[in-house]
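When the chains are written out, they are named A, B, C, D, E, F, G, H, I and J in that same order, and each has its own residue count from 1.
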Amino acid sequence: MSNQLYSTILTAKKTKKLTWKTIGEKIGHSPVWIASVCQGMNSAPLPIAQKIAALLDLDDEVARQLSECPTKIFPQTVPTDPLIYRLYEIVGVYGQSIKQVIHEEFGDGIMSAIDFSMTIDRIPDSKGDRVQIVLNGKFLSSKVF
Amino acid sequence: MSNQLYSTILTAKKTKKLTWKTIGEKIGHSPVWIASVCQGMNSAPLPIAQKIAALLDLDDEVARQLSECPTKIFPQTVPTDPLIYRLYEIVGVYGQSIKQVIHEEFGDGIMSAIDFSMTIDRIPDSKGDRVQIVLNGKFLSSKVF
Amino acid sequence: MSNQLYSTILTAKKTKKLTWKTIGEKIGHSPVWIASVCQGMNSAPLPIAQKIAALLDLDDEVARQLSECPTKIFPQTVPTDPLIYRLYEIVGVYGQSIKQVIHEEFGDGIMSAIDFSMTIDRIPDSKGDRVQIVLNGKFLSSKVF
Amino acid sequence: MSNQLYSTILTAKKTKKLTWKTIGEKIGHSPVWIASVCQGMNSAPLPIAQKIAALLDLDDEVARQLSECPTKIFPQTVPTDPLIYRLYEIVGVYGQSIKQVIHEEFGDGIMSAIDFSMTIDRIPDSKGDRVQIVLNGKFLSSKVF
Amino acid sequence: MSNQLYSTILTAKKTKKLTWKTIGEKIGHSPVWIASVCQGMNSAPLPIAQKIAALLDLDDEVARQLSECPTKIFPQTVPTDPLIYRLYEIVGVYGQSIKQVIHEEFGDGIMSAIDFSMTIDRIPDSKGDRVQIVLNGKFLSSKVF
Amino acid sequence: MSNQLYSTILTAKKTKKLTWKTIGEKIGHSPVWIASVCQGMNSAPLPIAQKIAALLDLDDEVARQLSECPTKIFPQTVPTDPLIYRLYEIVGVYGQSIKQVIHEEFGDGIMSAIDFSMTIDRIPDSKGDRVQIVLNGKFLSSKVF
Amino acid sequence: MSNQLYSTILTAKKTKKLTWKTIGEKIGHSPVWIASVCQGMNSAPLPIAQKIAALLDLDDEVARQLSECPTKIFPQTVPTDPLIYRLYEIVGVYGQSIKQVIHEEFGDGIMSAIDFSMTIDRIPDSKGDRVQIVLNGKFLSSKVF
Amino acid sequence: MSNQLYSTILTAKKTKKLTWKTIGEKIGHSPVWIASVCQGMNSAPLPIAQKIAALLDLDDEVARQLSECPTKIFPQTVPTDPLIYRLYEIVGVYGQSIKQVIHEEFGDGIMSAIDFSMTIDRIPDSKGDRVQIVLNGKFLSSKVF
Amino acid sequence: MSNQLYSTILTAKKTKKLTWKTIGEKIGHSPVWIASVCQGMNSAPLPIAQKIAALLDLDDEVARQLSECPTKIFPQTVPTDPLIYRLYEIVGVYGQSIKQVIHEEFGDGIMSAIDFSMTIDRIPDSKGDRVQIVLNGKFLSSKVF
Amino acid sequence: MSNQLYSTILTAKKTKKLTWKTIGEKIGHSPVWIASVCQGMNSAPLPIAQKIAALLDLDDEVARQLSECPTKIFPQTVPTDPLIYRLYEIVGVYGQSIKQVIHEEFGDGIMSAIDFSMTIDRIPDSKGDRVQIVLNGKFLSSKVF
């Protein structure tokens, strides 16, 4: 997906005063997933891509491009944006602990990042609201061969 | 925290046939957090550190060390272990999308990785059980100064 | 924020013979923070963004862009500019010492870089004036969970 | 300076229940600077080194080593410890802004990291105490030649 | 898994004049997979681990260690050994082509490296025998959420 | 080969609703190899290049360029695209095991990545179809000199 | 400073058949320093910048830009140009020796790279002329605080 | 050369209260060159190596090792020690300028880092003494072939 | 040298159906050296540059540019093109051995890469023709100073 | 191959006052190849390995180890030793030119680094003797498939 397409989508989204959340609600899919599709980090099946394009008043060529399998390039090995870095830091600080807890529960294998979904919620808290991110991936057992 | 201490803890844990989960239940704290303390990625308040040491039949010097503020070194900039890499990949693929969804909800700022907690659960599923990781961090608003 | 916007702002600032310090005084906010907003390293609440734009005789679209949450990309992992490198060197030389002194005073945790402010001053000195940079961030205690 | 010497110092410091702050008060020098000397990131003039050694009940060979010019190696290009990373992040996010504000005030040059001192203080705050780090370095003007 | 264990296994294997191929035939599993288990790049279910240990006249502690979930560290980001580099080069030269051909056949998703097996064979050829490596992984479809 | 040529080829391929597989069948060569030629990772002998160009209704200049020896640049040392990363991970996890199994069978040397071919197939499987990639390279014996 | 400005300067310099040496003689400053100013690695006080611009028949806007404080970006961490690499190699091979000899003479501190000048000369030699580069920087003593 | 040998030399040098400068004067060679030999960054002809060993009361095996051709490994791609970094910074800031001035004077080629010598001197200065480093290398003309 | 100039040269070379070898024969210089000049990795004395330009029907400005001292930038630290990588691999596999054999023959020093030439030849061989690359550089003895 | 084995070989070689050249002459193989075998960068067929061991008065276990297929690790991505760096620089400066000259002569493919040999000779020259390194590798044609 080209940068130009992404700009077109962002401009349309601003013009129509839409958020990823409202797009998600109208389309019936996760805001974070739709955002990832529009950034070229995922592809949408054509009918969903068409709904996204329609909502943004963009043409069918946009829908077609959103349904193509993108090459996913992370722009930075270590992300510098403070919000994204905190996620990277959590992987660094807790990665080995997560690994051990999952292995104790499931045996050797991984949590899939492909058969995977995610939700993001605001958790009200009197000391300051909290961000809750739920990662949900199928456990894949390492194959014995 | 020294590697030697970590080995001592792992050996004690195996000898006593404990898992992080059972240690967590007995201590009343999260398994993944206790594992991170024992790996030198977090520190425990002394009374909790003493409970961990007692459960493992280790002496007070161990407790004291678990309560010291460790220097947290991630051993690899890009983790190669498949389980940990999948987490890194999720940050790479979804980081920008997570950022946008959080900013739409909360404004500019971050999800703290310090005022932060995490749970890991098994979600039964007929097509194969799933791993659910819940990240929960306080939203910190960027300061205007 | 685009590079083009940054150029526009710098050109306007030169034309009007403004410095970050004078902009800061007129707006009532810190010069270094305003500079960071104009470089896409921070966002300003819309009313402040509008004041900045007005001072520079730039239109509301500029104000709107200054109020968007930017993705903060550091252009160099190790900065080469001599002035910025000296700051990096201070972190390298004193980082571990700062860490220990803070932990002794506050316990485990960090100085926030988000709930954070900074001032820069000239300290007259007969052997040559000095630069004083004051960093001020909320202490965040590592959560026990 | 060897790692072994550093361990010896840390052990002596723990045994005598000293903090860098109390050592600083007794020696009449900055806690963060003394900590940096003991970590091999700075050297102390011999009389001061002897006071440090004496306070820790360590012999003259230790004092001699603390007074040698160390080779300063930063162990990580990008620090991973959360406390130290936040300092690195501040350099990344604000480095260019600091540069511009200093240049407007002083002209071309740098803040020295050698003719330099630092203090760390706790600033009480009803919303949570804050860490204040003051960096103070001589301005060095770029030479015209 | 420790390097020491790996040395013990290699020594036992040499003493008994076994190859990975003969071990594979006796155990009833793939030679390359058994080699990967013995190098700490995979784990074996305990009964298989016990067969491996028995074949090498090693004790049950070895079997237990071969059945633990290892942390998989690749020693080099870009491998320098000529044989392994050629595999890396194939990924570099053909990766994008493989991606497109798989996406045309299966849609968006990946070939799993966990639900995965591999065989290595000698293909006789009059111009010089050939190595044939067969990679076989489950296709995982990217989840729409 | 220029990016512009690659775009031209991809556009022509889409317009004519061709896949690499159908192009392969019509040309009588491997889809993955043809894709690699069109991406500038291989060159085709002129007659084959002309067939590819003809099938895409592109002119002789395209054929000529497809027959030139390209400089093969891998865009990323560690690929981030999930599909390509899995291949990289397989090299990391199994590289040393593959090396040992090949050496046991053939002696010292390598599997050529130049006198080399590859096929990709779908293997039907009731638990989910599988991707099978067959790598086939001439064994080259290390020269004694 | 923009690349465009640098091109403009180089073109003017060629057209007027000037060398850095002749410019240096006419301006009364060092050739290597003037070259560094024109490359955006240093700034010149406005009157000197005006003399440089006048000599090259360039306008006052050029002078103004040459007097701005540039952000100094080294294009390569390890320089590949053979002439520049040899300088890098000298730092690598002799850096630690230079450090020890300076510390023996001056105590702990550095040779400033800011309060610094340099000359380059040809030293006639019957076995082949030699390049002599003289580096001259103020010694800065590490501050005790 | 082993680290152990280097330690032996440094210890002997301290015991005998020698500096590189005094060793240089007694041996009749440059202090910085002798220091580089003792650090394994250069080799000395055997007679000179024997003089160095004799002066330090070390045996002939030390002399023999100092006369062997060492493999020169720079421990850090970008040096972090402040004194050595300043030298690296000078190469970064002035490298391109030095290159142009040398090419104008000598034509295409390099200053040799092998047929090369160096002196370090203290230059008294009322505003603070200065370090002067003189680099002197044979100009090697790029060969036309 | 600009990329545009290189393209111009390549286009002219193709149009005139010249190879580096035929250009070399006509000019009386090495094909690989002429290719390196045209790629901006070497400069040619003006009369030779003019011969190259004339042969390609290009104007004097091209000749002038080919005679300028270029800044030599290697595009990749580790080359990925298979042909160039094999050369890099030879340096990696045999570098230390080459070093020892040269030192045994010549003493401490290097083979110059500046006072250097190279030839490339086809060596007929019944088992497949071979490429022979001859590197020829002046031995430079490390200076004792 | 272990570092310990390499030390043993080097010690034996010094004790017996052998050079790689004399070992090569006695064994009837290339000095640089034998050196590479002894450094763990190649393996020797067992009979040759036994001759090497015998010449050095080392036992059969050494011979056996020299005949094992080593994992070839280059210690540095960019070599810093001046002699080895010059070889790396030649690949960087001339790699693309070598590539084009070989492709013009042989078509697409590579010079093998496995079916490969090398000689090193001293070429007497009145202006200073020269090092001549001859690389000789089989041309491998890229396979069309």
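We adopt the following convention: a residue touches a chain if its C-beta (ideal position, glycine included) is under 8 Å from a C-beta of that chain, and two chains touch if they have at least 3 such contacts.
The shown structure was predicted, so the numbers you read here are calculated from the model rather than taken from an experiment.
Asks: Of the pairs F-J, A-B or A-F, which one shares over half of its contact pairs with D-G?
Replies: F-J
Asks: Could you compare the number of C-beta pairs in contact for A-B with that for A-D and name the larger?
Replies: A-B
Asks: Could you state the distance in Å from the CA-based centre of chain B to that of chain G?
Replies: 50
Asks: Give, as an integer number of Å, the spacing between the C-alpha centres of chain J and chain E.
Replies: Taking the average C-alpha coordinate of chain E and of chain J, the gap between them is 30 Å.
Asks: If you average the CA atoms of chain G and of chain J, how many Å lie between those two points?
Replies: 42
Asks: What residues in chain B touch two or more of the other chains?
Replies: Within chain B, the residues that touch at least two other chains are 33, 42, 71-72, 74, 77-78, 80-82, 89, 92-93, 96, 99, 103, 109-110, 112-114, 116, 118, 140.
Asks: Within the complex, which stretch of chain H touches chain C?
Replies: Those residues of chain H that touch chain C are 78, 80, 82, 85, 89, 92-93.
Asks: Which of the residues in chain C end up touching chain B in this complex?
Replies: Against chain B, the touching part of chain C is residues 29-30, 33, 42-45, 48, 69, 71, 96, 99, 103, 107-110, 112, 114-118, 140-145.
Asks: In their shared complex, at which residues does chain F touch chain A?
Replies: For this pair, the touching residues of chain F are 75-76, 78, 80-82.
Asks: Would you mind writing out the residues of chain C in touch with chain D in their complex?
Replies: Checking each residue of chain C against chain D gives 19-21, 31-33, 35-36, 39, 41-42, 72, 74, 77-79, 81-84, 86-106, 109-113, 116, 118, 120, 122-123, 125, 127-140.
Asks: Chain B touches which residues of chain E in the complex?
Replies: 71-74, 77, 113-114
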